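What follows is a group of structures, each given as structure tokens.
Shared between the two complexes below is subunit A, which pairs with subunit B and subunit C, respectively.
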Partner chain A sequence: MSDVLDGFGWLTTAAHWWGRSGILRSLFEHLWYSAFATGLAVLIGLPIGLAIGHTGHGRFVAAAAANGLRAVPTVGIVTLLFLAQPRALYPVLVALTVLAIPSIVLATAAGIETVDADVKDAARGIGLSRMQVLRDVEIPNALPLIFAGVRSAANQVLATATIAGFGFGLGGLGRFIYAGYSGRRFDEVYGATMLVVGLVLLVEITLATVQRLVVSPGVRESSTRRPVPLDATVPSTLPTAIQLGGEST
Partner chain B sequence: MNRIRSAVAMGMIGALALGACGSDEEAADTTVAAAKTITVAGANFPESQILAEIYAQALENSGVRIARKDPLGARELYYQALLNNEVQLMPEYTNSLLSHVLKQDGADKSPTATNVDEQLAELKAALPTTLTVGAPSSAEDKDVIVCNAAAVEEHSLATLSDLFAVADQITLGGPPELEGRSPFGLKGFKDDFDADFKEFVPLDSGLIAESIASDAIDCGSMFSTASSITTEGLITLEDDQKIVPNEAVLPIIRTDVATPEVMGVLDQVSAGLTTDILKSLIVKVEIDKQSPSEVAKAYLASVSQGG
Partner chain C sequence: MIGEAGPTWSGPQLAGNWDVIWYYLQLHVQYTVVAVALGALVALPLGYCGYRWRRTYPPLLTLANLIYAIPSITMFVLLFPFLGITNDKPIVVAMALYTLVILVRCLVEGLRAVPQATIAAATAMGYGSLRRFVTVELPLATPNLIAGLRLATVSTVSLISVGGLIGRGALGRLFSDGFTRDIPVEVRSAIAAIVALALVADLVLLLLGRALTPWARARVTG
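So, the complex of A and B:
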């Protein structure tokens, strides 16, 4: 517990915030690496996920590829690219983007796929084109799951962006964890770790708020309180004819 | 291929460094087995791993049972591992070890010794009773600051004094522990020479040479025996301030396993080692990509044939 308090002490020491190796600059680096990687992953992953979910084609391949990407160690990607061009920034951005893409693709595809088939059918039935169905029916209905994918990607990226400072000398909050650990300055390690956790919570709250604003109240409602299936309200002891709408007699 | 190998090695080192914390159960295990087995480890750079292997294999050849631990990180970490009896034998360097030991328990003392004999005397007085050292070898490996040609030309650097004078324009890289070290470290440079560098970039020791060579940083802290100083065409600055004292290679060992037979073997190893031998062994690992264990084996075989 005292270690955690030391971490707060480190965080609340003004001198640690300024300068080229200060918290402020590292915090900014950490945020922009993460925002860039998550943003790029959305740009790449969202269309792929939409296409798979909408057409139903390539689901198996995409799932396999996404899980394959997940198995690639992020540190490995950074190290390989870094050695080709020392202290270039793109290795970290590439690695973080690769990390973020799978959860976005898979969540988006799953979101689109699980939109009620009857709803899609009805939309086609009243004359919407395939693109209109995607835009006006499938995406709004899939938004909660799409957001879940983006949020989980953003969390992973924020936590993993610490590798930029792990021996690669590219800054971010990982710098303090790496340097503090080697120098046995654990107040620094705890302080930076708390900042990362704080960032994750902050981004999570922000995205949750955006989600509330963007997702249609109707979709939100149905995700918590599912409509009761029609036949469940009808006692099963009644004659079949009555169940089907009373067209007998 | 070289790059891939060093990439793999670096990843492993990172994982091990993170795994090095909190293994109390293993400490308990080694205490039980201490009478028979000696646990040997090197630090996270090739030279230390070669030396650890030479100690380990020389002892094995004399019938001592050896357990090997994966390379440990910085001295700040592995010295603790020695105190905790998680490791029992490691290669060390006289001045670096002495400086570290003197700073234990919150003390802020610096070594007064200027040569290896004085360092050894001071070391034996300062070490806790649980630890002892073997005879120092004539092999030395000092910390040096190396720069790329562009920085040397722009600021006309030849000595550390030249570097300190323009420190506010220099980006310095090095292992992360360099930041808090004194006298040879960012803290010492600032306290003793008022040199406040433009930026300090903490780097994995395997990436420092390439980072300097690619002009990503101006200068960096390296070991004088590193083969990459030559292969990457880097320029070593002269230590005109005599900041870095002698750094003779010697083994540090837990007193409870330091039997006369064990110390006899280690002293014999130290008697045969020189700086040139050490450099040639490092080239075999860093350039020829042999494993530290192969290199140590070949070296010990050549010594026993020669002697």
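So, the complex of A and C:
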């Protein structure tokens, strides 16, 4: 256990923070790889999820494809692409994006699908077009689940981005873990791990805050039959245009 | 790079290496089964706790999330003192720990979806809380549980290969070996084997879930 605490020693040594392969630079690399991959996955996955959820078509195919993508080993993809083009950065970005897409597609589709059929019906009934229903009713109602998908994708990507530094020499916080492992400097391994876990927590809190600001309070209450830890206590400050789905009980 | 035991890939081609793939595939199946079973064994009491005492659920979930956030190599290093450095046990145990984030959540969500009326009926028939849990609530949570097991199994199959980074981890060893010896086809074969194994395992669990929940189909057709 003292090894783990030595991680703090490594972390608080100023010399480790600066330079070309210092903590600051690695932290930045780790963040931008993850943000890029998650962002790209949202750009790709969100429209697909919306289309599936809205039309109800392609659900089975999407679930199968998402499962297939999940089965693809990230390390394998990076290794393969890296062999084709050594020292290139894109293998890691591609692999991380592939990792993030399934959660986002499935969560989005599920979110749209589980919007109360009566609510959609009412929206159609008052004359909204299909696109308006999607934009003003289905998406706001599905936001909690969409956010859940994005959060779990971001979590996974941040944790997995460490492989960039494992043997491939592409930086990120993984470089310390790999170097520490190879050189039997376990304080470095634990110190870098604390940074990764801290980063995951920080991003989680940030996304939870964004979610609280963006999701309509009416939707939040109805969709949280389960108590959501951080979100339920603080009232939202941004009322959105339509607050549907307040269940009678 | 490949460890002491196990066959080594020969030459830059696929031909003649099927037995190598087969050997590590078997190892991969073994690790997956043990890891998911171990994860389920731990998730069951945790899930029960999170379901029974609502307040414990958010911290349990956060804990599982944090465990998941620990990079695999660090997890191996943390487990080495307990499980030894020369075998693959740390990898299997690490995978079991990673499944918790999926299994605990699915179990609790599944249990919460059991209708209150059913629970009340069981109570009225004189079921104690433990007997009711085992014979009524848990079986009714089967669909979610199977969904969780499917997800956990698929991700475990692909995640075990990170063991390749330290020269272990069943089919993952072919990644590191293919990497150091520059044999793309070795890496490609291992990826194909892993994806195939994951899909087969997923199908098996899907069918198992169907067999265990005849009422779900009856509702659809009837």
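One rule holds for everything that comes next: the second predicted complex is superposed on the first by the 224 of 249 C-alpha atoms of A that agree within 3 Å, B and C clash if a C-alpha of one lies under 4 Å from a C-alpha of the other, contacts with A are read in each partner's own complex, and residues count from 1 in each chain.
Here is the rule we go by: contacts are C-beta pairs under 8 Å (C-beta built on N, C-alpha and C of every residue); 3 or more make two chains touch, one makes a residue touch a chain.
What you are looking at is a predicted structure, and each value in this text was computed from that prediction instead of being measured.
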Report summary line: The answer to whether subunit B or subunit C touches more of subunit A is C
Query - Which superposed partner A:I126 touches (first subunit B, second subunit C, both, neither) - result: neither
Query raised in the report: Should A:V189 be classified as contacting the first partner (subunit B), the second (subunit C), both, or neither?
Result: second
Query raised in the report: So, A:P73: does it touch subunit B (first), subunit C (second), both, or neither?
Result: both
Query raised in the report: Counting only touches as set out at the top, which of subunit B and subunit C does A:A179 meet: first, second, both, neither?
Result: first
Query raised in the report: Is A:R87 in contact with subunit B, with subunit C, with both, or with neither (first, second, both, neither)?
Result: first
Report task. Could you look at A:A159 and tell me whether it touches subunit B, subunit C, both or neither (first, second, both, neither)? Result -> second
Report task. May I ask you to decide whether A:A14 touches subunit B, subunit C, both, or neither, giving the answer as first, second, both or neither? Result -> neither
**Report entry** Partner chain in contact with A:L213 - subunit B first, subunit C second, else both or neither
**Finding:** neither
Report task. Have a look at where A:G169 lands relative to subunit B and subunit C in the superposition and call it first, second, both or neither. Result -> first
Query - Footprint overlap on subunit A, where subunit B in one structure and subunit C in the other make contact - result: 73, 75-76, 79-80, 82-84, 166-167, 178, 181
Report task. Flag every residue of subunit A that touches subunit C in the complex, lowest number first. Result -> 4, 67-68, 70-77, 79-80, 82-84, 155-156, 158-159, 162-163, 166-167, 174, 177-178, 181, 186, 189-190, 192-193, 196-197, 200-201, 204, 225-227, 229
Report summary line: Seen from subunit C, its contact residues with subunit A in the complex are 54, 57-58, 61-62, 65-66, 68-74, 77-78, 109, 112, 150-151, 154-155, 157-159, 161-162, 164-166, 172, 175-176, 178-179, 182, 184, 187-188, 190-191, 194-195, 198-199, 202
Query raised in the report: Okay, in this complex, where on subunit B does subunit A touch?
Result: 3-4, 6-7, 10-11, 14, 17-18, 73-74, 76-77, 80, 173, 175-177, 179-180, 198-204, 207, 210-211, 213-214, 216-217
Report task. Flag every residue of subunit A that touches subunit B in the complex, lowest number first. Result -> 20-21, 73, 75-76, 79-80, 82-88, 165-169, 175, 178-179, 181-185
